[in-house]
Structures are given as structure tokens and as C-alpha cells.
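Chain nomenclature is as follows: A, B, C and D, assigned in order of appearance, with residue numbering initiated at 1 for each chain independently.
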């Protein structure tokens, strides 16, 4: 496939230099359906990126699309702030029935604004308010968002520099396996907590991703997560799981922490919770933490009703039974096999393959190779991105609804891209 | 009209205590069209709130609705991060042609995430980065958002307390007319800036609303805004106009600062920029400030393409000529006359009437009266809210597309509500 | 008198560029007695600076000298940390008997370390601990010290820049007469406190100097101080009077706030409290504020026993009756007359004369003139310094023990220096 | 020896609850000479505390005493701010000739105020100013002072809580041997520095004590210090050695870092630098760092001339040759042998013995035992203190001038105290 770089004039002349994805993928996308996107020149791209995890049910999923158009057609409330609406009620009922009740999760539901960083800001505010302490512990290579509260617990130094103020009240700790297993889990963290002379400000909470997506597909082991949950309880700190990228079934189960058998105090959801790629987010917390004043946190778009409609449709369609979880795990095995085959085919790469469910990463010891692979994949019609602090990991986030054949097609392109960038 | 309080069970049992509007308006809204919302019991409400300014073109505006449904039907890209898409290009071109060029505004356009607070966070980051200073000056009773960066320059003490950390790097200055004209404008601010011993950390920027909506419909005079712009230039500070609530034609002109004849360095837009009540926001800035690194600020939902579609449709429909501005000013005169008549009818209220375009406030010296009026108005079928630090101001934000008859209907209900709360 | 600039080699080669007084007074001082200092070339200088207020009883005051030598001779404890010592007990008893009891002041006494900035740090810590709030209000052109806590409430921008971190948790308010009487006292401050939407973080305390020495001899009126004390009480903020430079009789009464008839919650003393120019400081506070944990604030030199000895001797000698206060006021009148005569002689100067007791300032509208006058005075054998944000004020701080003749001598030199710098 | 608890009334009634040493040692001390203190009831105490390291040359050392009295007798300048004085010149020359030149140390000398915390504040300010970064790395169980800048890099949680504001801009790292050798040195610190996604704000400087006195006599190995110095150089961070307690010969060499063969960028000295227990401190730094503005940091008592006199006398007397260093090391061996004998005599204690030169610690696994031992030692006429985060270490800091017999006497009392608290 030959792609003629399109005239990007208005993007280049008018849009800020901050733009990024459009640089790596110099196309103008027009339509999208299921696992594919189409640019305006008619090229087709298989999407192994899925809106950075916001499109678990594929592009313009027909079931959700039907519900969405019906709602718009009938003049359902579009913008509802935090008023009661029928769409919001339907969402709350679906969420309770398909997600919370079957998992015996006691959470209250907060609509903190429609983006992930809003959900994280609300989570951190609540944790600080409940515990009366300012400090939050996060982990190396964490990513939690771009507003100042969330950015302070995010690792990436380039993004942190954008703050323009010193980012304080956060302390990073080593994520699982940070020292390749040579150091006991939580040795440093627990020592600081137990030592009255350590100089660590006692944290209100710990915020963690079960798998760090932006940080390089770093997968925390279930036992590490359990030990973290126990540490939090022992030390009177709240445990916040930021499930924005890994929740909504990405790892198999609806919540990525289910496998570990833990119940975090606070959970953030966004990205795929709206189902159709529409802005929506949730902050969930144990009922005893619900000490908010009415309106103490708010936001104009926290009642994005079209998203409630597609969200409820997605929950009812995909989460009424355990089918989705099983399918994701099966598809994940397919991915893992192919990635391991690629790694085996190229022992010189020293590639590390890791993941869970339908999130996978392949780290290259020759770091720039990862970007070269993604660039070549794009030319070959596959959308795939890097992650990690030095963009050294090729990250696979296909839609959960992808067929085995589509998956195979993408994995073959990836194998070819690896080969052709040797 | 008698309203039976509906069963709110799932809202009460599952949604967080942080919910607010649904407390004052105990209804479950189902449909909305133009200036009206309808609850599930079939009651009709005239909407003088308009999504807190996010619905300037009315609910489910048919022109935008058509464009939106067409886009969804044809599987246009829904979720695009910051990739180039045809919908984004169309929006950028409309924005350039209908808004920037005719006003000779040189701005670069940034998509900082789809909410107002994202736009403010990006504006503050950029100002700090450009100037290499941390401090920002805001004004008494300012409202800029709920994430930590924006909250630090917001006045409301209850909302600030929600942060759970000390909010620093911001200093409040008196808004226009804070001392009823007894003190010279900027006497305090300029004295601090010019006195090397004042203890004020030199600000990177000043952030201001031309009319403070949440703060109580406090209207800055054009000459005050001009003097502020000159002060900023003289003192090497950037001027940020937060036009999230007052932009998009709310005061008549598209940008609320046009009347003052100033060109801010940075402008934030959100709420009605998407046209249909869909989450969208922009940060605009002079090209020489565009020193962002690619991806230094990002966000999953910054490419909400359905909003680009409705936004472009709104711009093309309403802003290709000066019709909208004229109409808003005419409607505003209608509102002003009625409010002044109400005030005259009730001299005992000592009511202060203020506003511009289609944003108006009526302040009650007997502060709780304002909430009582809104409560009674709701019972009479009018959605109207209070604002101000003690909720002492009844705030009118009808859709700009409201007909003179609808406006009259709402103003008559308001007059009755005032009368019946005496 | 002609002064040969001495060889300053080791000062210039070895001492840091941060040194300052030695630049304006290029002499090497050797001996000092009463109101005079002597350099190693035998030149005599009348001292109108008195260790920036640390030598109220003159240089090497013979009464204190005797006590000091006796104590050293008999091997009294020199360094006592915060152990009980006979010298410390004697000081505490003298302080109670000559200062606290006669004034009916209920204060507890804390030894926070031997410098003024230590005393301020302890005062701010305690205020924050008691009130559970972080913010402190200070005033324009305040000076409270150089360690980070004290520096954050100090006005001077050059000194603030030295911090290397953003100085936060402090907000400056206008000192008395900041707007030449055109604005009502505390209009801005009280408005911010009473407005729930002001954005001011509620302060734990207000810290104030009754006369700002470094800030330019700005004299707060008694009624302003009383109004401030009332405001603090009304608004549940602690009032801290930093009496480091103006206490110990500088303004007449032992505490500079006595004239106003107020009882601050916390008072800091340093400079002349040791009597002999030896490092010592105190933080005083109402007993109900004494919620310190043992050792929660400490410092190696907080038990500088030689200073306790000279301090007690000074208190017993000078403060057992009201003589000192009367004499200071009389000497002050002598200074005022002379300064006013100088101002009258030079109407072109537009000089402003202000002060109280034995602290006086003369502000020059031609700002560099103040430094020129001090330079010429030095050549003529008078040590006198400038203050104010632009060093525009000649500041007179003679020892309180100065004789009328010495005072006259200095004032005549000053008059000549003014004349000769025309 | 039986000690009648003296009447402590004025201490109890007037002095703040913050007092601490006087609680553990309920005596009123009157005189002191060499290694002994005497209370007013005539009891004698052997001093193994030495003013927390401020009395390395013993109490009221006769050589220094002579110089001090002579200076006072002849009316030498007592209080000199930062004017040039003969006493200051003599000190600078002695310091250059006896300390800097023989060690080939290029430092500029700053007088930052007379206390240790002043010296640390100045060091941190300068490091931040030079590097343009805010963050400082300190170590677990560090102690650097009580003013806010120094407190932020101090470990003790009780002391940190006294700040009343969140202490930020500092990050603790594990001190040498924090994990009993199970973890590679600097594994965590260097990983964070090299990982662009770690979330660590790049530090301006690292501040370290070679032996942590307050932290529990934790002795850094020379190779650890060298590796730290190399890490600082490699990572463009300044190395600050806080030698306030361990400098001035406490560990043998004048500077405690000499043994490691490193040259820190900045060094702080206080405590024994004045020789006689008089308040004095220095901040030393490489000449290329001397970018201070004149007066950018200042302090009333930074020219404590009596301390300059005793300091110069101490340097000339004790540091003109290598005698002092040799003697200290010999005395240290005597201490070590006795402590190890005590430990051997009581294997049930699991006591850990550690130290260098004349600073030693004995850690008790039964933590409260350490305080019990000190209490019993006091009753037996020995002043000795605990340190460590839980006061679990008995700390020995005898004067460096102590005789072998006195040392033996004290060690015998200590052995008895250990025995009698079994």
C-alpha cells in the first residue's frame, strides 16, 4: 500500500505544536467501523490502538450506534449536568446490575467530569479529604493524567516539565519488578512507612495501575497487588486503582484488579466506559468514604447523556454474562503466541513480551527500533503505538471485539514490520 | 402545575453525595427540545439555565442534530485522539473562517481535552512555561474549574476546601467594582507590582472572566478590561481570558472581550463551543506562545469528533454573519427591561440588576430569597439557578436561540416567583 | 577626617560575595565602646546603626561587660542547650519581674534558637499548629528573616529570589498608610476574609511589625494596630507582633505595641534582648497556645548562657523603673527636631520624616540621595544606613544610651552630609 | 550519689512545654570545666554529650577562655554584622592557614547566621539558585535543622509535624546500609535519576551527613560517600555535606569527609566551629558557586565576634598540626573497646556498636532500654543521651579534649548503668 501524505495544511498552520499522534500517522481519517479506520484517500487501517483503550468495543459498534441514534432522534436529553435523567438512571441501573452486584462491590458512583484526569483529580481530592493528609504515593512510570493533581503523580519527565510549577505532594515508589526481582517487594516503601525518621510524609493514599499502559505495559503480579492492598490497610492508606486504561474488560475481567481478588477503596474508570469513544468517566468508592459536600466537585460535562446511553448498551450487551471475559483471554493467548514467535524468530532483538488479556507489549533492547516498527506497520496498514519512558515498547491494544482473523492479520503485519526494520 | 417528586431511588442509593443540581430540581428529565426540557412525567420546563451556558443554541438544535446523526450514520470517526480527521479539519476551517479571520485574531488552536478545566489547565501551564514564573493572579469570585491547577485560581472557599492540599501559586485581586467604585482600579494590584518590597511573587499571567457567571454575574466594564490588558502588557504578564461561560456569543459578540477591543494572549473556550452540549474545549493563544513540545499536554478525549461536527455546523449556521450578535443584544434588552420592572415592583428587595447580552443576574439583599425564587420558579415550570458566593443572585442564561415569546413566558414566571416568595 | 581604604584582602579573597555592610563601610573595625566604634587605623565612628537595633544599650556596655566577664571568669555554663542553668533561671526571673508582671502580660517563654529568624520560624510553626491552617498574612515591605519560613512572609523581592523555590503560604496586605490614607484601613483584607468567594486561604495568623525598620521606617498608627488586633480576634486569626527590631525599648516602651494597648497572641524578640549584642531570641505566647511537644522545635544554641547573663543584667539595670522609656522619648524628640530642621533647610528634597522613640527615617524623593548621604556621613565619621525597598530612606537607630551631646554630634554630621551631597 | 530534684518552678511555670533536655536531666547546672559540669547543689557530672557536639574542646577551655576575656576586656567589637573587623580577619586567616590550605580546599567562606540551621538554609538556597531546580535529596534519618528549609530535608516525623505546612521539595533516599547490605548502594536513587518516567523531580543537590548523629549514629562507609560523590557529579547535582555535628574533628580529621577523599561542593559547619560553645556557623562552597548578590542572604548575628576570637584560638591551638586527629582516633579506640566489652558482657542485648573517632553509638534491640541506661547514668553522674528515630541508641559525644582517665571513668559508669538496668 502506498500512502500519499495528504495536505495537512490547516492542521499545520492552525493547530498547536502540541499535537502528536497526527505526526506519526500522517493521514486524515474519515470513517471507522469495528477494527478498521479509513482515511479520506480510501486507505484502510487495522486498528491495534483502539483510541488508547477507549474503543474496547470497536469503532462505531453497531449495537451502540443504534442506541445512540435512537436517543438523539427522539431528542433525549443531551446535556444534563448532574440532573436526574432517564438515561443516567438507566446507566446507573445497568452498572449496578451487570457490574457491581455480580462482583459484590459496594461502591458509590461519582460522575467527576467526562475525562480520565477528572476522575483521578476527584479520587485524589477525596482521599486527601478523608485522611486529612496531602501526600500520595504513586509508582515509577505511572500515568494518571495531565491536570495538575493527576500530573503530580505521573512519572514522565517531559510531561511533568509542562506543569511550569514544581509538582509536589507525590512520591514515587518502585512498581512491581522494577529491579528485576532482585529486591523484595515493598522493601523501600514499607521501610519508609515504618521508620519514624524516614522523612516520608505519611501518604493519604496509594494510586496504582495494575498494568502500566503508557509506562510500557508493565504488568503487576496478582500477589504484588495483594501485598500492596494489605500494606495499605496495615498502614491506614487508601488504595486507589486507576483502571482508566486497563478497566472495562481490557485484561479479561471487567475490572483489571479482579484477578488479584482485591477491593480497592477508590477506582477510576474512563476511556471505554462510555462504550462508543464518547467522553465519560467515573470515580467509584466505598460508601463510608462518601463525605463529599453537594457540589464540592463539579464539572459542566459530567452528565454526558449520549455516553450514558452507549455505556448502558455496552454493559447490557457485553457484560450480562462471562462471555466477553473468556473471549478476551482466548484472543490474548493468540496475541501472546504470535509475539513470542516474533521474538523467537529474532533472538538478536532481546525482545521482552508481556501482557494480560488484550493488552500486550514487546520491548526492544534497541529502543528506537520500536518506533521504526510502528512507522513501518503504519505504511503496511496497521495502527500501532509505542509506549514506555523512551518509547521502547510496541503496545498492542486491539478492540476486544476483534475477530481472530483480524487479529491474525494485524499480527502478521507486525511480524513483517519487525522483519523489514531489521 | 403540580409535580410529584419522582422515585429517585437509584440516584440516592448509588450516586455520590456530591451530586447537586438534582437536589434542587427533583425531577427525572427525559427529553429536551429548543428552550424546553421535559421530565418523564410529562412536565415541561422552560430552560433559563441552558446547561450553565453549554446550550447557547438550545437543546438538540435541529440543524446540529441533523449534522450529528448524518455523521454517526455514515460511521464518521467518533474517537480520534489528536489524529487528523475530516471532521477536525472541517471544524478548524470553520473556526478560522467564521471566527478568527473576520476578527483578525491570530490565534493558534489547541485541543486540550474536552472540558473547561482542561482548557484552563493548559492555559496556565503554557503561561508558566512561557514566562518561567509560577504565580498567577486571579480575581475575587473567579471560577475556573475543579482540577487542582484551575481550582487554585478559583475563589469559592467550599470548592477550594475540596482540594485537600493547600492551594498555592495564585493570588486574588479585586474584580471590577469590588469596592463599589470607592477605590481606583488596580490601585492594589499595580502598587504590589511596582513595589520591590511588596512580597508579591511576580505573576506569569492574569486570568479573568469578563463577566463572572458563577461568581454572581459580576460584569467588568470595557474600560476596566482595557486597563487590565494595558497593565499586563506594561508589567510583562500574559492576559488569559477564560471565556468558557461567556464566550460563544453569550454576551452578544462571539468572544465576550470583543466589546472592550482587547486581544488576550490566551483564551479558553468550552461549554457552547461544541454547539450541541457535547464535551469540547479549546485553548487559543498567540502564535509566538506556541512553545509546546509534541504531546507535552494530552488527553484521551481531546478529539471528540461528534462535537467537531456539531461545532462546525453551529459556527457555519449562526456566525457566518452578524445576525446572532444583534439578536442576542435585542433579547438582552428585553430581559433587562423585565428585570428592572420586577425590581421596581419590589423596591423592598433592594435588588441589583446586571448583565450583558443574554446573561443577567438579579441580586437580592435578602440573600436566601434568591434560592426561594428559584425553587418557586421550578414549581412553576422554569429552570433557573442562583450564583454568587452566598447564592444570592438569580442568574438568567436562556438559550441564545430563544424566541421573544418564550423569553417573555420565562420572565413572567420569574416575576410571579418573586411575588410569591415575598 | 580622611580614611585610607584598608587592605581588605582576606575579606575579598575568601569571604563570599554575599557580604554587604563591609562594602559600604570599607574599614576594619577593632574596638567599640558606648556610642562609638573604632577602626584599626584609629578612626572613631559615631554609631547611629547600633547593630541594626541589636545594641540598644551601646557597645560593650560596662555594666553588662562586668557581669559577662564575671560569669566567664567563674566558669559559668556557656553552652546549655535547653538544660536548666542558674543563668537561665536568673534571666527568666528578671524577665518575669521587670517585663511581664508589671505589664500584666501572661506569656510563656520559648527559647527557639538565638536568632530572629529562629524566633519567627517558631512563631509561624506554632500559629499553624494551633489553628490547623497553613496561610499567614504579612504586610507590604515586611522583613521577618532569611530562613524559608520567615522569608516567605518577607517582602523584599531580591531576598525572596534567593530562596530558589516559590515562596508560598503567605499573602501580603497593605501596611498602614500604604495608599496615603485614600483607602479605608483593612478594606481589602477584611473584604477578602468576609467574602466566601474571595479565593484567600483563611490565614492562621497575621504577622506585623509596629514599625517596619528594613521596610523604610514605616510607622503603624496605634489605632491601626488596634483595628488589626480586633480584626484578628473577630476572624479567629492569631496576631503575631515581630518585635525583633522595635522591641527592647527602641520605641520607648519595652514592647513597641504597648502604646497601642494591644496584647498580641505571639511576640518575637531578638536583637537587643541579649543586651550585649550576643545572639539570643525569644518567642512569647499566650499560655493556651503552648501545645508544643517536648523537643518539637529545638536548636543547638538556644541556651546561649552568656547572653542570658547580659540580658538579665540589662533588664535589671534599665527596666526596673520607667526611666529608660522616658529618656528614649526625650531623645526621640531631639532627633525629630533636628530631622525636621534638615528637611526645612532643604525644601527641594521633599524629605519625609517619620519615626517614634529612637527609630527615625528620612525618605528622599530623589532616592539615590539617601545612599549618598550615608556614604558622606561615613566619611565624616558617622555610621548610618539606608532602608526601604529602594534604599531611599536614611534610617537612624542610635543606642538608647546615647547622650544628648553625642546625639547632637551625629545629627550635625548628618545635616552636613545632606548639605554636602546636594 | 543522691540527687535531690531541685525546685524547677520558674522553668516549669514560665518556659514553654517545648523544653526537652531539662526534663531528662532534672538539675540546675551552674558551672562547667573541661569534661565536667556542676549543678548548683554541688553535684559533678562527667559530660559525654558535649553540647550535642558543640563543645569539642571541652567546657570553658582555658586557652579559649583567656582569649575571650582578653577580647572582651579590651572592648573588641562584640556585634559586627558583616562588617570587616580585626577579629573576623584573624578568624578568616586562621581558617585559611590551618584548615583550608593544608587540605587544598578551595572554598569561599560565608557567614550565614550563627546557627546550624542558618548554614543549611544558605546551602540549600545557593544550590537551588545555582542549578535552577527546587528539589533536594536527603537521606533516611537525616537531621539538618528546624527552620522550614532545613526541616524539609530532616527525617524525624515528630519534628516535621511541627512545621504546620506540608514539607515539600525534598525526597528521602536510603542512607548507607539501610537494608543491611542486601540492596546494592544507590540502586533506587540511580534508577530514579536515569529513568525518564520515574516521577522524581531532578534534584539540585544531595545533602548528607557522613555520620548521622541525631539519626542514630549511622556511619556511612568511605566507599559509599565516594560513590555518592561520583553519582552527584555524573548526574549534575551538587553534593552538600552537612558537617555541623561531625565536623571540627569529631571523627578524627577536621572535616568528617576527609577520610573518604571527597571534596563536597558545599559544606556546612557550626556547633564546635566557635570553639567555646558560642553561636557561630559557616557555609563553605567552591568559588564557582559564589553567585550570591550582596545581602541576598543576611542575619543580625552573622558577625558574632567573640565566637570568631575563640574559634581562631581553637584552630591555632588544636589544628596547627596533626596531633588532635591522632589523639581523637586513639581515644576512639578506647571507647570502641569498652563498648564492645559491654556488648559482650550482655549478649542478651543484641547491642550494635558503631562509630568513628569520638562519636559512638550503642543500639539496643530492646529500644526503651537505651533511655533507661541514660537515666541511670545521669543518677550515677554521667551525662549521656539517646538518639535514633525511637531513641534506641545511646550516643557518646565526649569532648575531644577528654583525658583517657576521664573517658575510662565515663565508660565504667556506662557499663554499670547498662548492668543496673537489666
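By definition in this document, contacts are C-beta pairs under 8 Å (C-beta built on N, C-alpha and C of every residue); 3 or more make two chains touch, one makes a residue touch a chain.
These numbers come from a predicted model, not from an experiment.
Touch-path distance (fewest steps) from chain B to chain D is 1.
Note on interfaces A-C and A-D: more C-beta pairs are in contact across A-D. Centroid analysis (C-alpha atoms only) places D farthest from chain B. Chain centres here are Cα averages; for chain C and chain D they lie 30 Å apart.
Averaged Cα coordinates give chain A a centre that lies 58 Å from the centre of chain C.
For this pair, chain B with chain C, the centres built from the Cα atoms lie 50 Å apart.
Separating the CA-averaged centres of chain A and chain D is a span of 50 Å. The residues of chain A that reach two or more other chains are 134, 158, 165-166, 169, listed in rising order. Against chain C, in their complex, chain B makes its touches with residues 134-135, 138-142, 153-158, 160, 166-172, 174, 178-179, 182-184, 187-188, 191-192, 195-202, 215-216, 388-390. By the touch criterion stated above, chain A contacts chain B in their complex at residues 6, 8, 10-11, 14-23, 25-33, 37, 40, 51-55, 59-60, 65, 68-69, 72-86, 88-89, 92-93, 95-96, 108-111, 113-118, 121, 124-129, 134, 145-150, 152, 158-159, 161-166, 169, 204, 244, 270-271, 276-279, 283, 285, 290-301, 304, 306. Taken in their complex, chain B has these residues touching chain D: 165-166.
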